[in-house]
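Got some structures for you, see below.
Look at the two complexes coming up: subunit A is in both, with subunit B in one and subunit C in the other.
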Partner chain A sequence: MTTSIDMVLIVDLVLLTLLCLTALAIMLVRHLFAVVALTGAFSLLSAGLLVTLDAVDVAFTEAAVGAGISTVLMLGTLALTRRREARSPKLSPIGLIIIFFTGATLIYATPDMPKFGAADSPGLVHIVPSYIEGSENDIAVPNIVTAILASYRGYDTLGEVAVIFTAGMGVIILLGRRREDEYGYSEESAAFPLRSLASDDETGKDKS
Partner chain B sequence: MIDALISHYNYWLIIILMMLGLYVVVSRGNLVKKIVGLNIFQTSVFLLYISLGKVTGGTAPILTGKPEAFSNPLPHVLILTAIVVGIATTSLGLALVVRIRESYGTIEEDDILIAERSEDASKINGGSG
Partner chain C sequence: MRHHLILRVVSKMLIPFIMLFGLYVQFHGDFGPGGGFQAGVIFAAAFILYALVFGDDQARKVVPDKALILLVPLGLLIYALTGFAGILLGGKFLDYDVLSSDPTHGQHLGILVIELGVGITVAAVMISIFRAYAGRTKAIDKEDW
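Showing the complex of A and B:
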């Protein structure tokens, strides 16, 4: 039993240290393509850490969404913008003061938190036992996380859908308008070439 | 002291990770890098929540019919929601970056501020003259 706990501790420490090193590398590297690749690695490492913390559902969501979708979105952004940071990273005194103050405050607060791995932590004794019992007897879904997500806290998931919808609308409003690059090519002119010929003088006015 | 170290080292390392993310957000002028910093911060908050629910000797919260100790499933549910909301806000932020690049021709904060100031100045001059 003790050896298994030690193994968990070692894997935990190694993964957390690797995460910190990856974050440092992200901070220091100037090439944004490398930064995005490191972000993917960061998400993968955190997914591994989540598995050791027993959160398997969260781990594969993180691996799919963090290492997958978010990397693709960032690469797409890089294709539309620049590949390199213009300025070399320099030490920011204000930033250092902020993180030392905030970090010290947070670490000062940790002794009040339940011990890592404690079975009697307040979060476990209040409502969770009834959820576990209920997912066995009432909902009959073996995965307790699924039972809570879709049933007990279904409104949270509904709110999440509303947030995704709002964000999607925002992206469409920001980027979905008619565009024209330096060669006068726009999506509209590709779809309706005659119309764009007819309104050539108008677009010329827009450009000036 | 050793006891405190073993029972809280996880939180401390996660807080260090969080501060690294915050430092990237505060100190770097490149907007894509700022968003990456926000992602680091966000992921470390997820890890903090999940490690609060960890039970030593517990298993993933899936019923197998055998009596056993589970880790707390409630933080898992909240963080599942948070990951998806996180990717939604990230995509909105990246769309803003693309739009800023279209308008200002740069994604560096300093250059954007300079461009804004010169724009304002030319507007004032144009109005008076």
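Showing the complex of A and C:
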């Protein structure tokens, strides 16, 4: 029994240490291509931590969205802009103090949290027992997360899908049309899409 | 993209399995981890991998933009109409109990259908967002790789 607990502790410590190292590297590295790769690694490590917390569904999403899709999207953005961070940020003393106090407050408050997985923690006693019972007897779905997401909280999930729909539509309307179809392709419009957009506006004004 | 032989061969082998895994996550979501959202992202990842390796133009031939723009609202519609089907059959909005004569079976059916709706919308949106970005850059020259 004790050995299994120690194993979990070791896995947690290794994952958290790697997570901190990745975060530091993201802060210090100036080459944005490397930063994008590191954020992917950060997401994958977070997914590993979520697995140790038995939140498999969340870990799944984090690995697929955080490490997969958003890395590709950031690389796509990088292809449109520069690959190197221009300004090296200076350490601001006020920011450092704020971060230090926020971190200290969070650590100070952590022991007051209910023990991880405790059955009498406030979040678990209100409505969760009826969900667990219901998803076993009424819905008969082994994965309680799916039962809650799709059935008990069906309204929320509908709202989430509507959010994704709206976000997708926004991107399609704003960026979806290919530049070369409309204006003719130029090297500059590819490298600086925003600048060429602005110049398009100016020429439009001149005409009117 | 005539070069990168290994990349092309390996991704050609991988893409069917990624899609199969996406379908598994989609329809096995009530029994194991996963569901429509994760399945949609995995499915989109297969198409994005294809677009990355074989080029954006080739990927647009597989799933045309016009099909994609129809799929984005289709998933949301499936979800919402399942909710209205509950009202029409005498229940409440998004009440799956009335979808079948047996309430438990109705719940299973409802969850399956709305998860499918979630999967369709998420996959279509992810591919669309990727295309919106990828369509703005020129293909990278051979020397730049």
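As a working rule, the second predicted complex is superposed on the first by the 171 of 208 C-alpha atoms of A that agree within 3 Å, B and C clash if a C-alpha of one lies under 4 Å from a C-alpha of the other, contacts with A are read in each partner's own complex, and residues count from 1 in each chain.
The rule is short, and it goes like this: a residue touches a chain if its C-beta (ideal position, glycine included) is under 8 Å from a C-beta of that chain, and two chains touch if they have at least 3 such contacts.
Remember, predicted model here, so these are calculated numbers, not experimental data.
Enquirer: Can A:Y131 be said to touch subunit B (first), subunit C (second), both, or neither?
Expert: Touch partner of A:Y131: subunit B, not subunit C.
Enquirer: Between subunit B and subunit C, whom does A:V72 touch in the aligned arrangement: first, second, both, or neither?
Expert: second
Enquirer: Regarding the shared-chain residue A:L28, is it in contact with subunit B (first), subunit C (second), both, or neither?
Expert: Neither subunit B nor subunit C is touched by A:L28.
Enquirer: Between subunit B and subunit C, whom does A:I139 touch in the aligned arrangement: first, second, both, or neither?
Expert: second
Enquirer: A:I10 contacts which: subunit B (first), subunit C (second), both, neither?
Expert: Neither partner.
Enquirer: Have a look at where A:F42 lands relative to subunit B and subunit C in the superposition and call it first, second, both or neither.
Expert: first
Enquirer: Which holds for A:F116: it touches subunit B only (first), subunit C only (second), both, or neither?
Expert: first
Enquirer: Count the residues of subunit A touched by subunit B and by subunit C, then name the partner with the higher count.
Expert: Of the two chains, more subunit A residues are contacted by B.
Enquirer: Could you list which residues of subunit A make contact with subunit B in one structure and with subunit C in the other?
Expert: Comparing the two interfaces on subunit A, one with subunit B and one with subunit C, the shared residues are 56-57, 61, 65, 69, 73, 76-77, 80, 142-143, 145, 149, 157, 164, 167-168, 171, 174-175.
Enquirer: Of all residues in subunit C, which touch subunit A in the complex?
Expert: Answer in residue numbers: 25, 29-35, 37-38, 41-42, 44-45, 48, 52, 65, 69, 72-73, 75-76, 79-80, 83, 93-94, 96, 103-104, 107-108, 110-111, 114-115, 117-118, 121-122, 124-126, 128-138, 140.
Enquirer: For the complex, give me every residue of subunit A touching subunit C.
Expert: 56-57, 59-61, 64-65, 68-69, 72-73, 76-77, 79-80, 138-143, 145-147, 149-151, 154-155, 157-158, 161-162, 164-165, 167-169, 171-172, 174-176, 178-179, 185, 187, 190, 193
Enquirer: Which residues, counting only subunit B, touch subunit A once they are in their complex?
Expert: Subunit B residues touching subunit A: 4, 6-24, 26-30, 32-33, 35-37, 39-40, 43, 46-47, 50-64, 69-81, 83-92, 94-99, 101, 106-108, 110-111.
Enquirer: Would you pull the subunit A residues touching subunit B in the complex into a rising list?
Expert: 1, 5, 9, 12-13, 16-17, 19-20, 23-24, 26-27, 32, 35-36, 39, 42-43, 46, 49-50, 53-58, 61-62, 65-66, 69-70, 73-74, 76-78, 80-82, 85-87, 89-92, 94-96, 98-99, 102-103, 106-107, 110-111, 113-119, 121, 123-124, 127-128, 131-132, 135-136, 142-145, 148-149, 153, 156-157, 159-160, 163-164, 166-168, 170-171, 174-175
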